[in-house]
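First chain A sits with chain B, and in the next complex the same chain sits with chain C.
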Partner chain A sequence: MNIISAGMVFTRGSGIGSFENALHEGWRIPGEVEYSKSNKSFAYQFDQTTIRDKAVLKKMRRADKLSKMAVAAASEALGNSGIDDIRGKNIGIITATALGAQVTTFSFLDDIIEYGESSVSPTTFSNSVHNAAASYISMVLGIRGPVMTVTRFFFSFQSALQLAQSWLNESRCEFILVGAVEQYGDVLAYIQDTKLNASPDGRILPFNLNPAYQVPGEGSVFFLVSNKDTDTALCNIEDVYLDTYEKESEKPDVNIIDTDGLLKDESVYAESLSPDIPTAAYSPVFGSMMSGSAFNCLAGALMLRNRMLYASPVQDNPHGLNIVDRTVSRDIELIRCIRYNCYENKAVICLRKKQ
Partner chain B sequence: MGTEGVQDLARIRKTLKELLVKDLSLEDITPEEIKDDEVLFGEGLGLDSLDAVEIVVILQRNFGLDVKDMENRKDIFYSIDSLARYVFESRKDSVSDG
Partner chain C sequence: MSNNNVLISGLGVISAAGRDLSETLESFSTGRRNAGPVTLFETSLPYPVFEVRDLPEEFYPEHQRTAALALCAVNEALQDARLGEDLSALRVGVCMGTTVACQLNDLDFYTSYRESGAASMGPVDRYLKGNIAEFISQRYRLNGPALTVVNACSSGTDAIGIAMSWLKSGLCDIAVAGGADELNRVPLSGFGSLGIVSRDPCAPFDRDRKGLNLGEGAGVLVLEKADSAARRGISSGMRVLGYGSASDAYHLTAPKPDGAGLETSIEKALSDAGIAPDKIGFVNAHGTATHDNDAVEGKVLAKMFGPDIKILSTKGVTGHTLGAAGGIEAVFSAAALREGWIPASAGFENQDENIPIVPVRERTEIRGESALSTSLAFGGNNSALVFGRGRKT
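Up next is the complex of A and B:
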């Protein structure tokens, strides 16, 4: 399937342009958040005021931040597609998320404790259900095709891509908006800081591997995918391997690894790397998110479209890996985006230059 | 109604306007811009049925009032003024009952 277009929101703003700028500019220190009276941590938070499409916002005044981020990204993806009129086009929506509306869910539970069951807000409840973000995309953009939310810790985005491919292959949809969304919250920050290694200086060190440091992030990336091709399509998603052995194929030009400190020890990534293939990692630009693979996948798609190899934003390299250390023009054919989960299962997204 | 009552009613109106803007996430409008007699639903402020349920929650949380029969008490939800009078009268009743 082809990536026809994309849209995104993240810590440095809204839109693909903001992400391209960030890839050029490199690492920037994240903000500090006080998540409890005595604890502070770094976090890559999204500023909702950067959402440019006010017409979209007007249609979702009751939505929580998670849904607003997802709709803003999906709306941009559809807007960049060149499809002027979606009437008569069968478009599906698949939203991937590891933790979904956890912030709103905790707010709902807090309200039950504070006010009792009879005085909790129905709006908070409706926003706390997992399919809320996908439903908002459907309502705001007027999409009438199938809508689904895939929740899974580390491989939700890869699972969503596989589902999208099967919907396209069985002609259930002509186009699919498939993407990921995660939201930062105090509870998440507390858990990540307690169970994992909090970065002492706000830097994720993607090539350090062990110990691995995390900085929570939030944002959303959406792709419009289709088996059709268009002049402006970014690239082709050739294969998505998930919990299965990867087919032996030609050597990629670049490996993008999803190291972001959400595994305490990321040494397992070394198994998938080769000294003669450059490796890149972009998590220091957007933060640690279990569905962060979508952001690295977008970086890969932009590299293929722009014929540009983007330098890894943080380049501490104690193991002497062959890393992408400079931004250079390069005609790239094939990129592997690699993610491991805590059971050391591997997922790979293979991106190929549009033919 | 005495001076104290008038002042109390004005305070309730102000609080209700602030709560509505905040809890109903009303955009492009400030509490000061909501008129006391502005129709809340449909044409006026443009609220809908889900907002009505949220207003019931607002009354419960902030004024300790339980609107049990929403269907037959639509008059309460007509405007800020009608809501404020309902809050004012209910408080007065509870004080005199006590």
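Up next is the complex of A and C:
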């Protein structure tokens, strides 16, 4: 299937252009936030005022931040399609989220604790349901195809892509908005800092592997995918390997690894790297998220479209890996995006230059 | 691969109506309704619920109730399909719907965090291990795709539809699919706040219906490619013939009054199955007993199948089991086709003049070879499955 277009929001703004700028500019120190009364940590938070399409926001005044991020990204992806009558097509939506509306869920628990279970807010409850973000995309963009929300922690996004491919092959949809969304919250920060290694200086060190350091992030990426092709399509998703052995294929030009500190020890990634294939990792520009694979996948798609190899934003390299250390023009053919989960299972998304 | 080659080789179910399929069919026969006050947690809310009693201890890992319910149903379905405990040599996927298990909504954990800025990581660890599909995949050492569907009340139906897609696209040969959800204080409060929970046992499609009752349980199908079943020496006449899904794009919690999304989902399911509406022998409706759901669903079903179509809602004996509902009702639909009868639609007494359809009032023999099960969800999602029976292959 082809990535026809994409949209995104993240800590450094809204839109694909913001992400391309970040890939060019490299790492910036994230903001510091306070959580659990007196603790502080770094976090890559999204500023909602950067959403440019105010008409979209107007249609979802009662929505939470998670849903607004998802709708903004999906709306941009649809708007970038270059297809005149795109909204009249048979479009499905598949939203991947590891943790969903956890911030709104805790807000609902605040209601129960403060006001009692018979005096809670129905609006907060409605927005806390896991599929609320996908539903808002459907309502705001007027999409009446199948609308699905799926979760599988580290492999949420890869699972969504796999399902999108199946739906397209069955002709269940002509186009699918498939993407990921995660929101930062203080409880999440507390959990991550308790269970994992908090970065002392705001830097995720993606090539350190062990110990790995995390900085919570938030944002959303959506892709419009189809088995059709267009002149402006970004690239082809050749394969998604998940819960199966990766087929032996030609050597990729680049490996993008999803190291972001959400595994305390990321040494397992070394198994998938080769000294003769350059490796990149972009989590330091968007933060640690279980569905952060979508952001790295977008980085890969932009590299293929722009014929550009983007330097890894943080380059501490204690193991002497062959890393992408400079931004250079390069005609890239094939990229592997690699993620491991806590069971050391591997998922690979293969992106190929559009023929 | 044609849908006709997706066999149902195993069924497993647990709910307030029974801890397995035979107990459930017994409840259906006798019309027993096990609604009562909440005993699983403290609450001041006065709503009756459908709890599962005497959940077998062996299926209760680490206080994860949703996982326990799922394991009960999966275990029964795998036994029914004559599949053992270790499935690592086969290509088996698992796709499960849920609502509660996808959220970290542990009140004790959160209260502690709020009050002291610290909390035990025990509930977090249970949550992280409790992704239902991943949990089952790890438990049975499955060697295929695993995915948890969190599409509110259509999750179980959608999980089965996704499993069909996996089989057709060759991602696996066998798929364990359905839904599981526990009764939980948070959704009970939430649904209560929406004013759609009844203080009496629910009465789907009834003129005097006052809302839904929450329930809990799990329902699981083992779906299998015909050639895989043949290799294992398994025969089954039961099939999932079609799946369809469509969104209302209308409202976060209310169904679209004209039911356009539901109608489209049913049309897609019938088209996927390659059958006409007149081949449907009965409809296992979503039938939550809320005013809006039953009004919209009744109108659409009457429009598409005529006012004489045999319909029932089984939520009168299970309550609304949320993410499990589609899985549980898929098991009931397939079992009813196999058994050749459907039970009375529990709770129904008087026809609503605004609903041009009457659910069955007594045990009813069914003649058709196909059945439809529908699910409507928060967020405006509508999904439908078509089941078929025929010669064993």
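Observations on the structure shown:
In this text, the second predicted complex is superposed on the first by the 352 of 355 C-alpha atoms of A that agree within 3 Å, B and C clash if a C-alpha of one lies under 4 Å from a C-alpha of the other, contacts with A are read in each partner's own complex, and residues count from 1 in each chain.
What we mean here is this: a residue touches a chain if its C-beta (ideal position, glycine included) is under 8 Å from a C-beta of that chain, and two chains touch if they have at least 3 such contacts.
A quick note: this is a predicted structure, and the numbers were derived from the prediction, not measured.
Aligning the shared chain A places chain B and chain C next to each other free of steric conflict. When the two structures are aligned on the shared chain, A:134 is found in touch with chain C, with no touch to chain B. Of the two partner chains placed around the shared chain by superposition, chain B is the only one that A:58 touches, whereas chain C remains out of contact. Comparing chain C and chain B on the residues of chain A they touch gives the larger count to C.
By the touch criterion stated above, A:300 is placed in contact with neither chain B nor chain C.
In the superposition on chain A, contact of A:120 is made with both chain B and chain C.
The superposed model places chain B and chain C at 70 degrees from each other around the C-alpha centre of chain A, with the value given to the nearest 10.
When the shared chain is aligned, no partner comes close enough to touch A:185: not chain B, not chain C. Put simply, chain B and chain C get as close as 8 Å, counting only Cα atoms, in the superposed view. On chain A, the surface touched by chain B in one complex and the surface touched by chain C in the other have residues 118, 120-122 in common.
Residues of chain A that touch chain B in their complex: 57-58, 61-62, 115, 118-123. By the touch criterion given at the top, residues 36-39, 93, 97, 99-100, 102, 105-106, 108-110, 112-113, 116-118, 120-122, 125-132, 134-136, 138-139, 141-153, 159, 162-163, 165-167, 169-170, 172, 187, 190-191, 194-195, 242-244, 342-343 of chain A touch chain C in their complex. If you check the complex, the residues on chain B that touch chain A are 23-27, 50, 53-54, 57, 60-61.
Chain C contributes residues 43-45, 93, 99, 102-105, 107, 110-111, 113-114, 116-119, 121, 124, 128, 131, 133-134, 137-138, 143-152, 158, 162, 165-166, 168-169, 171, 185-186, 188-195, 245-253, 260-261, 264, 377-381, 383 to its touches with chain A in the complex.
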